[in-house]
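Handing you a structure now.
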Amino acid sequence: MDFTTFEAAHFLAILPEIVLIAVAALVMFMDVVQKGESRRMMGYVTAIGLMAAMFIGIGFSLPMGDPKLLFGGTIRHDMLGFVFRMMFLVAGAITALITMDVKGLGKRGDFYAVLIAAVIGMNFMAIASDLIMLYLAIETTSISAYALTGFLLNSDRSAESGLKYFLFGAVTSTVMLFGFSLLYGFTGHTNLYGIAEALGAGNVPFVTLIGIAVMILVGIGFKISAFPFHFWTPDVYEGAPTPITAFVSTASKTAGFIVLIRVFIIALSTNSGVAGWLPLMMAIAAVTTTIGNLVALAQTNIKRLLAYSSIAHAGYTLMAFVAFESQPEQSVSAATFYLMTYIATNLLAFAIIIVFARAAGSDEIKDYAGMSRRSPYLAHMMLVAFLSLAGIPPLAGFLGKFFIFKVVVDAGLYWLAIVGAINALVALYYYLIVMKVVYVDPAPEGASKISITRPYQIAMVALTISVIVLGTAATPWYNWAIAGASSLF
Amino acid sequence: MNTTLLIWLIPVPPLISFLLIVLFANRTKALSHSIALTSVIMSWIMSWIVVFSAFAKGYYYGENPFHSYIHWLPTGTTYLDMGVAVDNLNSILLFFVPLCIVAIFLYSIGYSNFGKPVHDHDLPGTPPHHGVDPLYSRFFAFLSLFAGAMLTLTVADNLLLLFVGWEVMGLCSYLLIGFWYGREYDDPKATPPRIAAIKAFLTTRVADVMMLLGIAYLYSQAGTLNFHDIFFNEELMYDLTHNPSMIAGFTVANLIGLLLFIGTVGKSAQFPLHVWLPDAMEGPTPVSAMIHAAAMVSAGIYMIIRMFPIISAGGSHGPNPTMEIITFIGAFTALFGATIAIAQYDVKRVLAYSTISQLGFMVAALGMGAYVAATFHLMTHAFFKALLFMGSGSIIHGVEHGMHDVHEHIDPQDMRNMGGLKSRMPITYWTFLIGGLALSGFPFVTAGFWSKDEILGDAWAHHHYIVFTVLCIAAFLTAYYTMRQISLTFYGEPRTKSAEHAHENNWTMTLPLVVLSFFAIFAGFIGVHGEFPVLGQLFGNNPFEHWLVGALPKDMQPKPFTFTWFPVIMSIAVALGGLLVGYLVYGRNPLKSADQVDPVKKLLGPLWTMLENKYYVDEFYYAAFVKPAHWIGETLTFKIIDRGIIDGIIHFVASFFWKAGVGSAAVEQVAVDAPPDRMADGVRWTGDAMKYIQTGRIQNYLMYTVIAIALIGVLFGFLVAG
Amino acid sequence: MIPLEWYLILSSVLFCVGLYGVLARRNAIAIMMCLELMMTSITINLVAFWRYGNVANLSGQVFAVIVFAVAAAEATVGLALAISIYRNRDTVVANDLNLLKW
Amino acid sequence: MSGSQIAFLIISALTVYSALMVVTGRNLVRSALWLVMTLFMVAAVFTTLDAGFMAVVQIVVYIGAIAILILFAVMLTRKVMNDTEPQTNDNWWMAVIVSVVIFVGMVFMVSGVSLPARPASDVSNQIVDLGNAFVSPNQFILPFEVASVLLIAALIGGIAIAMPREEEG
């Protein structure tokens, strides 16, 4: 037993997560103590706690110098993981803010505590470099998310979507776990770098490696909701409490991508396997985008529409990812940057949906008629969010798409670029249809003004600004993406 | 102040004005238009300072423009720079764009009935009839954003910033075309503004995504998007113009050029993506002027002129598939648009098709390598087309006033309901006449003559005889329909009471017309061919050409073509001929009543019907794209594939296995603890199989996924084994 | 000595039996039982690989223990969801849960 | 065939049989009991692998906690499904086919790999080593700690979800 190897550096590396545990404990404590209206304060505490964790992270946990494997190789303290962790913390903080006035959730300390647990899980997904750690982190995120999805006690839909999410997720993650176990068995390592080394020796035949890759892809495909692992997405997104839909569609998906990047680029691309699964991944990228956009056209519920649109966005991110063979760093940085823009934009869209649903009690697109007259500011922000999702400059979504197209073309995947371009067009159509309803169609008789409470104001203004800033003054953020990407290799 | 800093500031005032109006000034109408107008005047002044200091510096070349940039995005080892530059080419745009914009803004004030109170009958989102437009402030906000985007595009030193301006303009066109979103028509064939807006945005987006691919391709090949860095890097240009691309017969530059050109086809409404532009007339008239003259369509032409070194692949007159395609589309569009224009009754639609046709002239010119002529026509066209649009708006406005005076309900845009406006709206008449003559190319005194002549002369001099012929026919038709329009509108006796009671508009609407008339005449003299007898020498030996070619690297600069008389005579002949025929048909015998059948209709018969219906292109698109897209989106993907096929397959395979006698006993004994009533269940179930079109069931989802995994596995198994 | 293949085949059989159950059973709680079968089959894999590999490296066993923990957590949340639905809608049949569709 | 092999085959047969009973049983309580049996047999498989500790954990955690939890849930929801109605859905035969295909695929995958023929000989002291592995900072302390976060989160979530409905407060 060797306790002398405890080092300050180890703890500094995971300081944000330690802070998060403290915040969760504080929230649980408040849940017991607070009474009445002031229970809502737990949302602020969670949001501030998550932001504090972020600033503490920037202050103390910023990876300096070469990336290091810490805690016996279970985590890798590098810039890529760090960037993703910061994204999760922000997404979590925003989620806490936009939960505060949701009926049946906003005043429940247990909700915030489980939300924080999910963020902890994601943070470890971002830095895990060992199959054990990775699996555990994925499950921490997933199980917390299943619980959060079913949290609304008085909603049949919430419970149903929770169970669907649970069943789909449990099966896919078990398939992935089987893949992990084989990977461990055939290489003798659980560490991703150890696996890469062992696979490099070439003892595992091509077919087996592909089989393992497919099994692992099942689990990750579920998290990022890529075709054909996306079937749960619309149902769960529709039924879940909207803040959780926002959280799952942004942070959880992003966490899936960091795992995808780490496992497939680090562990599974060192020998002949790379040629094997890459075409599959390309096909998945193309089909995912197309299916997502096409089916979105036919939706009448805004949450389902955004669900399919989020499937399409996963496809775009995969497009960046599949270019990694010839453009490793640019591919990863393009994907990272796209995810940043996507998180900001999608959270904004969902925040708007929550505010609107509070006033109108509906998520049907037709009920959005005349929203611009009920609240011009809400409508303007929705315009910003949807145009960014559609990739219109100078908003964040455009720049994200631009880098993806660039890296795809650079890698010589012209057909994929064309698929992406055509899809961008289809997407614009259904976003515009929604905006038409918002701006053009007359409001129902007697529709009242929509009031926006303080936490939502904070969240939405911050997100609107970031959508614009990410599209114009993108330098620092893109720098982070690049630094992250280069720290991976 | 430093000139380069000034360039940065040019697009800023309108953008700030947009924010100010949206956030703070949207309650006060006077404040809104003051802010907007002030902002564009500031931009205009700054632009002209920059332009004239550029002129004053003399013939500095594109090699050494006013340039300023910042490192914007790090891309691995290098930076993606964002910056602004003014060289010989965009200085021309900076000369005319802000001027037109100021005119349009001023005009908008009167056009929106400023000064009258808001009337209860005027609903937001419909054209104002009695009072000021209820969404007056919003209109100026969007217009400011539009102006800001156009100026951004103009001063951009790289393709990406240009594209940003380009797309924001697309958005503004969407917002502004659909500005009167509340408007509905009884006629089912008419396109209401909200549909027109989506149509415009989507059609141009079709092209924009292709353009974005072109940009991405260029960026991946060149590593930069800065115009100057690409064009003046000989090594890079050599690679681009000589390396083959993945499409046979196209070099890399050809393919990039083609993709970028598709962007222009959308933005500048070339065939086959022209369909949005006539419907864009549904917007308020200042918007039409903005789109058709000052900003949007000019942007499309500007972009390909800007990318000329890539498109022409280094040389101007060699065999080049991209250039041939461009020439063909341009010439075809010129003729196509002109033929449709002769059979339209809507005063704005005639101008819309005329715009399509004139843009075709520019595109064809560029395709033939007539770099200077294309730019020249772009500038003169902006002046006289803005003039004509605002003139038509003034006419419509006048007729509408008449309508309200006599309480008549007619279509105020239909030329059949006009007539005799010459004496009632004299300023509008004279300015419209000047604009119309310029559009027709009335010899020697109008700007349109010189620029069109330049295009025809270039086509002739470089032996593009077919294109020359096509363009001559188009020019003839142009003159003809212009005269038709003028005759129907201004001559004869009023055919409706409204026209009888029409009267001239206030000074904010007429002043811009007068100013633009000046330029519609005199702007042409700077580009008179140097060898033109007498006039060439008189006007300084074609200063425009000398100035403009400086934007290109030295070895690419086109030489002035040799002057010959034939094209000049032709262009005089078609212009005068067209005007004369138009006058003989419509001017000498004006229509007697609004119901009278157009005299040419009898002559042309079914051909006329076809022209009136714009060759049924819209209908064709609807049948060929819109309907199938709906079908794919809703029926195929959603209903059939998502709900039907997957479940259907499961159940179909089920019944198949069942009937094929894999049978209950065998399967169940092996796999399942078999219930005795399995058989009965199975039969019932098989009968219902195709009815079970269900989802929302988690196990079905799981099944799809697992089947997909199995299929992927089997596929790979075969691939590896085989 | 027992060949490692035997263990792997045993675990594959168990995994596929569980998979069948997950896809075919109607009762949500029964589906969860089948999930447990799948999970437990993996622990066989992990322990067998540990035993036949480098015994001093205990990551196989550690992994198996972690899988136990995850299985426990999963069962908790899954059963809680099932009971919640049962309470509200009086059913635990997975295919009856189709409020959310199309 | 050595004695240990025969023992393994018997254990495997029992495992698979009880697993089949779990997935096919009509009576859910019985299915749950068959699940306990399966898990017990898996514990026996662990002993053939000289992993006594794992066997104990299997019994304590899986049988003692998870299986019992499931049994409770079955009892609690017992009245909604009677034993006479079919326990499988319409797609069960598809499930058979797919499971068999997947199984064949797995065997095909594994068959290509050259696996170690026999286990390592020395397995002493593994419990102490395992204990150390879980608390030593250069081994697996982090997963161990995160697992506790997971369990607490699951606990909180489970309680929150399973709480009876209450009026909005």
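Letters are used for the chains, namely A, B, C and D, taken in the order the chains are written, and counting of residues starts over at 1 for each.
We take it that a contact is a pair of C-beta atoms (placed from the backbone, for glycine too) under 8 Å apart; a residue touches a chain by one contact, two chains touch by 3 or more.
Here the structure is a predicted model, which means the values were calculated and not measured.
J.: Could you see whether A-D or B-C has the larger number of C-beta contact pairs?
T.: It is A-D, judged by the count of C-beta pairs in contact.
J.: Please identify the chain lying most centrally, where each chain is represented by the average of its Cα atoms.
T.: A
J.: Can you compute the centre-to-centre distance for chain A and chain D, using the mean CA position of each chain? Integer Å is fine.
T.: 30
J.: What's the distance between the Cα centroids of chain B and chain C, rounded to whole Å?
T.: 60
J.: Need the CA-centroid distance for the pair chain A / chain C, whole Å please.
T.: Spacing between the chain centres: roughly 26 Å.
J.: Centroid of chain C to centroid of chain D, CA atoms only: how many Å?
T.: The answer is 6 Å.
J.: Mind pulling the chain C residues that touch 2 or more other chains?
T.: 8, 15, 19-20, 22-24, 31-32, 48, 53-54, 59, 62, 66, 69-70, 73-74, 77, 80-82, 84, 88, 94-95, 97, 99-101
J.: Multi-chain contacts only, two chains or more: what residues does chain B have there?
T.: If we look for residues of chain B contacting two or more partner chains, we find 638, 642, 671, 696, 698-700, 702-703, 706, 709, 713, 717.
J.: Could you say which residues in chain A touch two or more other chains, in rising order?
T.: 132, 136, 139, 143, 146-147, 150, 153, 159, 162-164, 167, 171, 182, 207, 211, 235
J.: What topology does the chain touch graph have (line, ring, star, complete, other)?
T.: Graph shape, chains as nodes and touching pairs as edges: complete.
J.: Using the touch definition from the top, list the residues of chain C that touch chain A in their complex.
T.: 8, 15, 19, 22, 28, 31-32, 35, 38-39, 41-42, 45-46, 48-49, 53-54, 57, 59-60, 62-63, 66-67, 69-70, 73-74, 77-78, 80-82, 84-85, 88-89, 94, 97, 99-101
J.: In the complex formed with chain D, which residues of chain B make contact?
T.: 650-651, 653-654, 657, 667, 671-673, 675, 681, 685, 692, 699-700, 703, 706-707, 709-710, 713-714, 717
J.: Under the stated contact criterion, what part of chain B meets chain A in this complex?
T.: 22, 71-76, 125, 160, 163-164, 167-168, 170-171, 174, 178, 181-182, 194, 198, 201-202, 205-206, 209-210, 212-213, 215-217, 219-220, 246, 632-634, 637-639, 642, 696, 698-702, 704-705, 708-709, 712-713, 716-717, 720
J.: For a test of understanding, state which residues of chain C touch chain B in their complex under the given definition.
T.: 19-20, 22-24, 31, 94-95, 97-102
J.: Quick one: in the complex, what on chain A touches chain D?
T.: 1-3, 5-7, 10, 14, 21, 28, 71-72, 74-75, 103-104, 107-108, 110-111, 113-114, 117-118, 120-121, 124, 130, 132-133, 136-137, 139-140, 143-144, 146-148, 150-151, 153-154, 159, 162, 182, 186, 203-205, 207-208, 211-212
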